[in-house]
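Let me give you the structure first, and then I'll get to my questions.
Naming follows writing order (A, B, C and D), and every chain is counted from residue 1.
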Amino acid sequence: MEPGLLQIVMLVVARELRLAVRHWDQVVQPLIFFVVVTTLFPLAISPSLSELRNIAPGVVWVAAMLASLLSLESLFRPDVEDGTMEQWALSGQPLALLLLAKTVTHWLLTGLPLVMMAPWMGTALGLPVSVWPVLAGSLALGTATLSILGAIGAALTVAVRRGSVLLALLVLPLEMPVLIFGARAVDLATHGEAVAGPLNLLAAMLLLCLALGPFAMSAAMRVSME
Amino acid sequence: MVTLAEVSHSLSTTAGLEVRGLHLWRGERHLLRAVSFALQPGELLQVVGPNGAGKTSLLRCVAGLIEAESGEIQWQGAALRTNRDAFHRQLAYLGHINALKAELTALENLRYSVGMRRQVSLEQTQATLARLQIAHCADLPARSLSAGQKRRVALARVILSGASLWILDEPITNLDVDGIACVESCLAEHLQGGGSILTAAHQPLLEHHPQSRSLRLH
Amino acid sequence: MWLWFYKLASPPYAYAIAARWRPWLLWSALILMVISAYGGLVLAPPDYQQKDAFRIMYVHVPSATLSLSVYVIMAVAAGIGLIWRIKLAHAVAAACAPIGAWFTVLALATGSIWGRPMWGTWWEWDPRLTSELIQLFLYLGYMALRSSFDDTQRADRAGAILAIVGVVNVPIVKYSVVWWNSLHQGPSISKLGAPSIASPMLWPLLLMMLAFMLYFAAVLCDRVRAEILRRERNASWLASVAAGT
Amino acid sequence: MSEFFAMGGYAGYVWSCYGLTLVILAGNLWFSRRELKAQIQRATRRNQTAETP
């Protein structure tokens, strides 16, 4: 009779994907934002690729961070406003698992496309093609961590009017280590140096967030729904 | 103040829901003052009182959405705080808002919300929708339904959840006359099946039902 | 064994203790400050490298240490408040935040002023100053989140969750900033820390640290009392306690 | 005495730091005190209204 936890997760993922298909614009917008922000820097700094090359890793990563922050608005707010989150909290199923499933699906819809788009933007900023795997790899690990930390911030600020600025103020300081290791990994790759160190640390941070994040999310959500 | 005389009950309290000395503040206002009541299987308790008396807060508090400042809520003898998930598996809560996704159809909404709790066949879902006279809305997106139809889809979720305790906040808002009659028959059927109902509404529900009582909040 | 814990947690009792301890803490802090300031400014010999500029250390290092330890105290109090639902612990966490934030501002200001003669610029992305800056963002984030809830109970619990997530992040931030900085300059030449310290230079620093901690405890007493009153539904016991001391 | 205040040429830096410390510590103390006074008044006023419903 009772659905198992895996079935519950599948149900959540299925619902999110179905909703995403019907809200395609919300999925594409962060991507467009990512491209637009990345094109600002050549305009602001200089058209010469040689100059852009040494700031390219930082630019791509900062743009990815801001795009992930932008997409957080649509993570929990619609569910809290239409009451479905309340039903999740009262379903008797572990809310941490439900929110984790929702955040992972959100990452699949916003983080992964970002990872696939980043190499093109990197090349546009003069990064050699040899850097693509490290760029995609570090962004894959990094955007997942950003999604979880962002989800905690989103859960904390979902009940706050005009909470998006507050969300950025809460989440960006927590995400700075991800930026440091992510941008550094790509920078090392462009100089052909070993990138194992920062990538391992990115993976370690992701595991830490996967382990502790969901409990912070569910506690924060229960407070926000009071 | 609620005097115990108003809410007398003799049966043992281990089977149902027991609330003792519930206090709740909203900002500076002392909303719930030592609210106490018991709800046995097969009983309906309707919370009545003027607007702003704290009916919704009481229901959300009992459901576990709000933490009371002090007081004790027990479900089947155990404190709510210790076995919250088990309590929630036995609870179906209907709030002011209908908890429906506008983009999903009525059937999809029910599949994703009831599916969290138990396997429900398509026929069972369609039968419940037919019972609530909205069988024709099954495949329409919730966005295009009227307020009354949305309320019936939310009530269908409560019925399909198979929970023994129903907490319904203004269940019959936006419903027309035969909608109310239909809901009252569902409530009576649930009571007959040994379920219990805690509800807040302005007009009395199942007034002449033997197991129906009321709790006045000031 | 737990009796004292719950006795302490009852607001009137904690309020009375804070009222009684505050003058002692404050006066001992002020006296120690004067002594260590005298020791640091007059008795300690000038540093062979930085000459007299190093005396800024006597205010920078204590406030930097306090800015971190106050955050940890805040997170522990928040954790206790969240797990055991003790309102007093939330009151302590709420009281710690502004004090810690001001210590961080002080550490940042004195750090950059100290850096001016050494590095020639007002701001240097030195690992200590950078993690101090991120620490300030954590404080500001905590206080901004608290103020966005009008219900104190929800502000307490939301703030507690953020404080706990933040305290887990503090070592990560410190380590990543040091790692990030060391990549550029190799072993850090900008030694903002205490120079190799001879004892006449050392005891004023330790005394000043103690003085700052006592000062923190004294101000905390006041703020906790205010936070207790903010959360107390009927503070009828207030009249009986020596009000206003 | 004057070379004490000169601080080996770093007078501006050292004294601005100590001055800033004094300002922040004193300010913090004063504001906490004021906040406590305000809360005490609010609580006693609330007690009075509570006693005379």
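Assume a contact is a pair of C-beta atoms (placed from the backbone, for glycine too) under 8 Å apart; a residue touches a chain by one contact, two chains touch by 3 or more.
Here the structure is a predicted model, which is why all the values come from computation and not from measurement.
A.B. asks: Name the chain with the Cα centroid closest to the overall protein Cα centroid.
C.D. replies: A
A.B. asks: Can you work out the whole-Å distance between the CA centroids of subunit C and subunit D?
C.D. replies: The separation of the two C-alpha centroids amounts to 15 Å.
A.B. asks: How many angstrom lie between the CA centroids of subunit A and subunit C, rounded to a whole number?
C.D. replies: A distance of 32 Å separates the two centres.
A.B. asks: Need the CA-centroid distance for the pair subunit B / subunit D, whole Å please.
C.D. replies: Using C-alpha averages as centres, the distance is 53 Å.
A.B. asks: Provide the C-alpha centroid distance between subunit B and subunit C, rounded to the nearest whole angstrom.
C.D. replies: Each chain's C-alpha centroid was found; their separation is 48 Å.
A.B. asks: What are the residues of subunit B that contact at least two other chains?
C.D. replies: Correct list: 67.
A.B. asks: Provide the list of subunit D residues touching at least two other chains, using ranges where the numbers run on.
C.D. replies: In subunit D, no residue touches two or more other chains.
A.B. asks: Enumerate the residues of subunit C that touch no fewer than two other chains.
C.D. replies: In subunit C, residues 151 touch at least two other chains, as defined above.
A.B. asks: Each pair of chains that touch: what are they?
C.D. replies: Those chain pairs satisfying the definition are A-B, A-C, B-C, C-D.
A.B. asks: Going by the contact rule set out above, which residues of subunit D touch subunit C in the complex?
C.D. replies: 4, 7-10, 13-14, 16-18, 20-21, 24-25, 27-29, 32-33, 35-40, 42-44, 46-47, 50
A.B. asks: How about subunit A: which of its residues touch subunit C in the complex?
C.D. replies: Touch residues, subunit A against subunit C: 152, 156-157, 159-160, 163, 166, 169-170, 172-174, 176-177, 180-181, 184, 201, 205, 208, 212, 216, 219-220, 223-224, 226.
A.B. asks: Can you check the complex and tell me which residues of subunit C touch subunit D?
C.D. replies: Residues 26, 37, 41-42, 46, 51-53, 55-56, 59-60, 63, 98-99, 102, 105-106, 109-110, 113-114, 116-117, 215, 218-219, 222-223, 225-226, 229-230, 232, 234-236, 238-239, 243-244.
A.B. asks: Quick one: in the complex, what on subunit C touches subunit A?
C.D. replies: It is residues 82, 134, 137-138, 140-141, 144-145, 148-149, 151, 154, 157-158, 161-162, 164-166, 168-169, 172-173, 175-177, 179-180, 183 of subunit C that touch subunit A.
A.B. asks: Using the touch definition from the top, list the residues of subunit B that touch subunit A in their complex.
C.D. replies: My answer: residues 63-67, 85-91, 93, 95, 97-104, 108, 112-113, 115-119, 157.
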